[in-house]
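Across the two complexes that follow, chain A remains constant while its partner is chain B and subsequently chain C.
After this line comes the complex of A and B, so read on.
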């Protein structure tokens, strides 16, 4: 589906990450094209989170090249722009929600992007309403339930209008109702995604292709499969024609 | 409204005032109160504090619960000062004697402390930490201190939960605090673990903020201008405080 000449959103080339002498990523290469919804599966400790962190410069690779949105990225200044366009949903919602009230937290990104306060708050309200969460706006973040926290975190990164969502175990410790709601929301978004998860149903619903991480490596068989994957994954279940 | 969530159920007249007004008012009340030299001045300050308390709509039960912390210290003072300040004895029993200046000192401290605490309480008890932080920042407190306070407010409940979980996990494996080396070592580990987890948490929060474009400066909100009610309250309080100082110095 993707035109071959399209610039990939994110490209990792031979990335190796070592932490305390241990290889967490071992010569990993990966490409995320616009429109891709890539599932990353694999056992705990295989390096899935590190993979995401490397893409946005939170983890410095010991060797390899990170390209994002058409440019090679090295310095923290390079990655600042990447982080706004490839938004990262943290595993622990409490790490992300630091503002006192929900609407302020959702407005935090837009404010940092230079929006006036009124406009940023308006943007936050629109985003919350889009997710059906407008009633949470004035609530105090630390008093939300776990599921509400996760959804508000999602609002907090969607308000920046990113091109890519990096979702690190998005359904972790959510109840069935919130998993359902989150899946629906994500399926309705017209964004590229990388989804790290053990949750098969959400991957089946969302992903257009999948890679597997094992012992710090991406399984090559899966990696090279991407041009053909669209044939056998049943995605876009009536959610993309709006 | 969301006020219900914050636990502020009482409709207090001070609620309508700007947080900055309330902070400055509380500070001036405290300063004037502790500058009282005469007993009549101190009693008058306490009366003023009681009036403020009445106006604030804080109930007796709430007030006394909050005052309990203070009164513990006060009792210690009441016992110690008469015994330690030298001067003519008021009462003596055995080797102990209660000096007159000691008693006077204790009474004056208790009066001023209670007056100061009550007036602060009446003005600030409904102030949400968020508003308090913003008001402090706009009154010129260094932003680092304000952010420190805001993060403390946000994350202290998480820290407490973490501590509770660790202690429960210790108890679940049969730990009971006793006076022996094992106990102290365990508490050491507990505190160490809490520190490590807090630092890790801080790092993750910092990363999450950078992921949303944070570059070291909070976009600060513009202040709303003070209303007429603020000025009216400020002038009235200034007049009362001036009268209080006059009473203290010239009576």
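After this line comes the complex of A and C, so read on.
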């Protein structure tokens, strides 16, 4: 007997988004199952960020259905739960950091979820320690380097215990050292992910499958395993190997 | 005597200051120029007048007026702001203007269009310092207004709710992604700005001992001018703008004449905007607000 299929975390069905008369997403359908690490690739302006924004209710589709965590989501109240379970890592870390110190910033999400202040701070410390960032806890957020800020942002969303991470260009403007650290951390997490990125190495390391956005449409991309001295995954997009 | 006029100007300015801070909360956090605020200012004064006239103790009348303003502001949030949120900011502006007209006309029906005399609560209790005469009601108003703004500034910078408000001011989208419950926070912001506006209306009634259904319009426009002069989105800018406009108004009445008061006040607004478009304490667009 086959095991029952798990309920997808996120399902988009025939989503169309129009902005100023232009179709940014055109009848896009996509499913994210528990355990999936989905790479979304494609040229700038193809609609990748809009795709993520639609999943969490920041972009209202003109048609189509968004289902998340087993329910159809329409209203902002519906999406509040989705945003807590599918956490979005900002492209620009400065957009996410508001508090004087790192530990307060990481505790901000749990506080907003209703945790008492001391429990939220404890949660923040545990999360920072889990990521090996406990030394950053007392630091002044604004004085962190760009790479440190990105890691703190990741700690901030992980402290909310999401099921899914939505990563929008997570390695943008990071130096090699921080790309490696971020990649290591993400690879070690037991979370479903959607990774929008142009950075092939991080996609190679993290993604279990891939799709490509092109001209507002979604098409499958292929993951290839190559015989290298060290074995790893490659994401090939579009017609590269078709 | 100029120093007496400066004192009087500060008193009037403290009223403008509260209205300007109420506008600042709405526009700085929600990007919403809430034109029901002059109506809530008027409601504070008129409802307090109605309560006192009914024989209530002034404290009960004031509390009732504040509660009523809070409830009306919740209706503004629900009916004028929430359905239009995320669309063009002009739409809720117009619908909030509708609330101003509605409130004015309801008061017009209930109390008529004439100015009503508000009873003197602190009559004949003037403080004389040097040659200056300062009414206790004026002094209490100034002290209360400043205390309210200091408390608000502390609240926004030092409490978790204040941090949430500042996050919303930076970006509503970021706020919801960080788990902030907008459906609970935004109504509280509306109540907060209503309480400031209605408090200003009550203080105006107590100080100038008169109320009318249209008392909010002139003060409301001066409040907007104070907010812009001080710098949009800056609470301390609204404080500075309110006090400055109050002083300019009183001094121009005293030194030039009452028929040029609006020319002076709005001329000042124009001059400041030409010289410093972001207002006195405003900064070019940046991440910091409030």
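Note that the second predicted complex is superposed on the first by the 215 of 242 C-alpha atoms of A that agree within 3 Å, B and C clash if a C-alpha of one lies under 4 Å from a C-alpha of the other, contacts with A are read in each partner's own complex, and residues count from 1 in each chain.
FYI, contacts are C-beta pairs under 8 Å (C-beta built on N, C-alpha and C of every residue); 3 or more make two chains touch, one makes a residue touch a chain.
Keep in mind the model is a prediction, meaning the values are calculated, not measured.
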Clash-or-fit label for the pair chain B, chain C on chain A: clash
Touched partner set for A:45, first chain B, second chain C, both or neither: neither
Touching partner for A:95 - first (chain B), second (chain C), both, neither: both
Which superposed partner A:201 touches (first chain B, second chain C, both, neither): neither
Chain B or chain C, by number of chain A residues touched: B
First (chain B), second (chain C), both or neither touched by A:111: both
First, second, both or neither for A:14, with chain B first and chain C second: neither
Stretch of chain C penetrating chain B in the combined three-chain arrangement, among 80-88, 152-160 or 242-250: 152-160
Shared contact residues on chain A - chain B and chain C: 56, 58, 80, 83-84, 87-88, 90, 94-96, 98-99, 108-109, 111-113, 117, 156, 160
Residues of chain A that touch chain B when the two form their complex: 56, 58, 80, 83-84, 87-88, 90, 92, 94-96, 98-101, 108-109, 111-113, 117, 120, 138-143, 156-157, 160
In the complex, chain B residues that touch chain A: 1-2, 5-6, 128-130, 150-151, 153-155, 157-158, 201, 204-205, 207-215, 219, 221-222
Complex contact set, residues of chain C against chain A: 160, 163-164, 166-167, 170-171, 173-174, 176-183, 287
Touching residues (chain side chain A, partner chain C) in the complex: 56, 58, 76-77, 79-80, 83-84, 87-88, 90, 94-96, 98-99, 108-109, 111-113, 117, 156, 160
